[in-house]
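What follows is chain A paired twice: with chain B in the first complex and chain C in the second.
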Partner chain A sequence: MQYKSQAVAKPYFIAAIGLFVGQILFGLILGLQYVLGDFLFPAIPFNVARMVHTNLLIVWLLFGFMGGAYYMIPEESETELFSPKLALAMFWIFLVAGALTIVGYLAVPYATLAELTGNSLLETMGREFLEQPLPTKLGIVVVALAFLFNITLTVLKGKKTSISIVLLLGLWGLAVFFLFSFYNPVNVVLDKFFWWWTVHLWVEGVWELILGSFLAFVLIKTTGVDREVIEKWLYVIVTLTLITGIIGTGHHYFWIGTPEYWQWWGSIFSALEPIPFFAMTVFAFNMVNRRRREHPNKAAVLWALGTGVMSFLGAGVWGFLHTLAPVNYYTHGTQITAAHGHMAFYGAYAMVNLMMISYAMPILRGRAANSNKSQVLEMWSFWLMTVAIVFITLFLTAAGILQVWLQRVSDAPLPFMVAQDKIALFYWMREWAGVAFLVGLIVYIASFFVGGEEKQA
Partner chain B sequence: MPRSDAETGYDEKIPGQNLAVIAESLFLGNLLIVPGVCFAVLIWLWLRNKDDAPPLARQHLKQTTYVSLWGGILIVVFSAVFIALGGLHWEWTWVVVIMYFTCIHSTLVMFGAFALAKALAGQTWRYPLIGPAIERDPA
Partner chain C sequence: MSGAFTKSMARNIFYGGTVFFFLLFLALSFDTHSQLPKRDMRQNITPQVAEGKKLWEVNNCIGCHTLMGEGAYFAPELGNVVVRYGEEGTKAFIQARPKEGIPGRRSMPQFNFTDEQLDAIVAFLKHVNSINDANWPPNSQG
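Right, the complex of A and B next:
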């Protein structure tokens, strides 16, 4: 690696992969609970398993983003990290806080956890994805501030590139919008309105900037295409993301008690949200087609191309599928949303983190790329996980369409649980696809331990 | 004399690159924005340039025209067959038609994106399965 301080990224990447495994295991437990309602009850109730599954996803992605930033920023800024020690200290604080939170979810009833952790002082718990106890939320703010301090000062003392500025914009946005998780008004409409400022403006706003900058960085390194060309694409992607994504928040405001005009604003702007993802796909393929060199790390290039395609399909196409208000009137909160969520998170954010890890880890371990044997295994894991998530998405989509019909469109609508029984076949198929995903993840981890002739750095 | 892409007003590194990009954009436009209209423009461009455009442009125009036709048939005919067989009042018709339409349409869009990236890089591309064979340049 070019800068010694880039090494702090390594523990972040390892923790990210460890938490990813946890997320998938809890996903499989949840999948079984859909069809065997009392599976692991009362030890792990459905609501707890779901909370652990989604919270682990968020935390491992954040670990990946931080690791990626710590790796990328010194190289972009052409200077050592401002404080590697601070980065390592924050790693341990974040990991311990995250682990304690998960243990808290599993060991204590949620209401007791709220009582024990001082939720009465400032009520922030009990909301989907933002279930973390107050001390954890405060810990996240401290870690995020220290991380941003470290990264920003590194950029300020070194070279400023478009890629690092876009990354900073994304990371600062991530921290700022998390602050809305502390705002929990009694009025439920206002609560949901601002809740989306964290949830939506993360995944369909500032996280896309992080995705774009990571993708641009890895494409510059692996294709040798001029920085100017890649930066121009990045400007276009950032512009499209912000134009569509910010007002696109309106697609969450259709049925929560906000004025009717949100049905127009939300429908129109969120219908445009696939455009930046489409641009990312064309961008990635165009850069690889115009490459000036053959980088030895083929696996990283595969992840880069994969993230373009899968984010377009998952976030773009499956998002568009149910984003227009007249369609969403029927599909809101059904398995169609779950189908979209699974493919979008995997395609956009899991894959971009795996791309960064795939590119950076061999270098952090002292080589330009892993051995051919290791890369072949990693590519197998790519296809196993990607094909598995495609099937998970398809099965959930089929389940969702059937659910909409039986529960909402039919002349004699069925109650929720009766409809759930009728779509159980798709839940079983989704579970088996989930097992295939876990196999892919195991293969991915195994690829780190395979020897062979490595390409020298 | 082979048509030059100077007509498009942009310099190109490889002859026919601009026409190739326009062809792929019209293919995507037909799928995503203005179905029918973009296809009509694409057909007109293909007929106008099929004999004298540079090889790269000819390849992309031919691919996009044929695949638009086949894609249209795949989308419309099979969806209509599923609806005719199952009827609109059976839930499984909706499951099959929506799944089929989404998958086939997004596959064509993805292929279009790969093809556009190829055109931007000045390279040829054959759409898998339904794209016509690439003509070899006699030169």
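Right, the complex of A and C next:
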């Protein structure tokens, strides 16, 4: 690697992969609970397993973002990281806090956890994805601030590239919008309104800036295309992201007590949200086709192309499927949402992190690229996981269409559980696709250990 | 994407567009806030409703259920549960959950709520049901 301090990225990447494994294992538990309702009950009820599944996802993605930033920023800024020690200290604080939180979820009932951690001082718990106890939320703020301080000072003392600036905007936005997780008014409509300022403005807003800048960085490195061209694309993509995505928040304001004009604003702007993802796909393929060098790391290029395509399908196409208000009236809060969520998170954020890890990890381990043998395994894992998530999404979509029909559209609507029983076949198929995903993940991890002849740095 | 369209033009459109649409979002949010009192029934939020919301949160109900369509999709929508089961029926259902679950089936945990807590939870769910949410869900099954 070019700068010694980039090495702090390594523990972040390793932790990210470890937590990813945990996320998938709990996903398999959840999938089984969908069909064998009493599986692990009452030891690990569904809500607990789901909290672990989604929180591990968020935390491993954050580890990936931080690791990616620590790797990328010194190279972009052409200077050592401001403080590698601070980065390492924050790594351990974040890891221990995250682990304690997960142990807390699993060890005691959630209400007890709330009592033990002082939820009554400031009631923030018990809202989807923001279930973390108050000390954990405060810990996230501390870690985020220390991280931003470190990254920002590094950029300020070095070269300020467009890629760094877009990344910084994304990361600062991430921290600022997280602050809304501390606002939980007793009025449930307001609660929900601002809950989305964290959740939507993260995943359909500032996180896409992080995604775009990571993608741009890896494309510059692997294709050798002129930085001016790539950065121009990056600006166009993030412009499209924010001009569609910010007002696009309105697609969450259809049925929660907010004024009905949001059905127009939300439908129109969120219907445009696939455009930046499409641009990202075109961007990735275009740059790879115009490449001026053959980078030995083929696997990283595959992830870069993959994240373009899969985020377009998962976030763009599957998001569009149910984003128009008249459609969403029937699909809101069904397995259609779950289908979209799975492919969008994998395609956009899991894959971009795996891309960054794929590119950076071999260099952090002292080589330009892994051995051919290792890369072949990694590419197998790419296809296994990607095809598995496509099938998970298709099965959940089928389940969702039937659910909507049986429970919402039919002349004689069925009760929720009756409808669920009728679509159990699709939940079984989803679970098997989940097993295939786990196999892919195991192959992925194996690719780090197979050895073979490495490409010299 | 070459020739006349330069990187600095792209950058300026990015900053200008972002600021413009964020301000538009703030304006819409501001307008929403002025309209909400007519829709969110805030005048009916009693201490009991507030207690019910707290119980809803600290027991992580959203981890299985949806409320106005948001949450997990493992268990039924509860924004309209008082329409479906009635107030007494809702309480009776919560109370009757077997501690060890139901063999082979999904089951809600037994939370051992007191009568006051059950009243508070139902008061909260009744309040949510009264919110003007554009006539969602489509029918009483949620």
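Here is the rule we go by: the second predicted complex is superposed on the first by the 457 of 457 C-alpha atoms of A that agree within 3 Å, B and C clash if a C-alpha of one lies under 4 Å from a C-alpha of the other, contacts with A are read in each partner's own complex, and residues count from 1 in each chain.
Please note the rule applied: a contact is a pair of C-beta atoms (placed from the backbone, for glycine too) under 8 Å apart; a residue touches a chain by one contact, two chains touch by 3 or more.
As the structure is a prediction and not an experimental result, all values here were calculated from the model.
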Now for A:L402: first (chain B), second (chain C), both, or neither, which partner does it touch?
first
Regarding the shared-chain residue A:I268, is it in contact with chain B (first), chain C (second), both, or neither?
neither
Figure out whether A:G333 sits in contact with chain B (first) or chain C (second), or with both, or with neither.
second
Name the chain, either chain B or chain C, that contacts more residues of chain A.
C
Hey, which residues of chain B end up touching chain A in the complex?
91-92, 94-95, 98-99, 102-103, 106, 109-110, 113-114, 116-118, 120-121, 123
Touching residues of chain A toward chain B in the complex: what are they?
278, 281-282, 284-286, 289-290, 309, 312-313, 317, 321, 394, 397-398, 401-402, 405-406, 410
Note: in the complex, chain C contacts chain A through residues 1-2, 5-7, 10-11, 13-14, 17-18, 20-22, 24-25, 28-29, 31-32, 35-36, 39-40, 42, 45, 49-50, 53-54, 56-64, 66-77, 99-107, 109-111, 127-128, 131-134, 136-142
Which stretch or stretches of chain A touch chain C in the complex?
33-34, 36-38, 41-42, 45-48, 50-51, 110-111, 114-115, 119, 123, 125-128, 131, 162, 184, 186-190, 192-193, 228-229, 231-233, 235-236, 238-239, 242-243, 246-247, 249-250, 252-263, 265, 329-330, 332-335, 337-338, 407-409, 413-417, 420
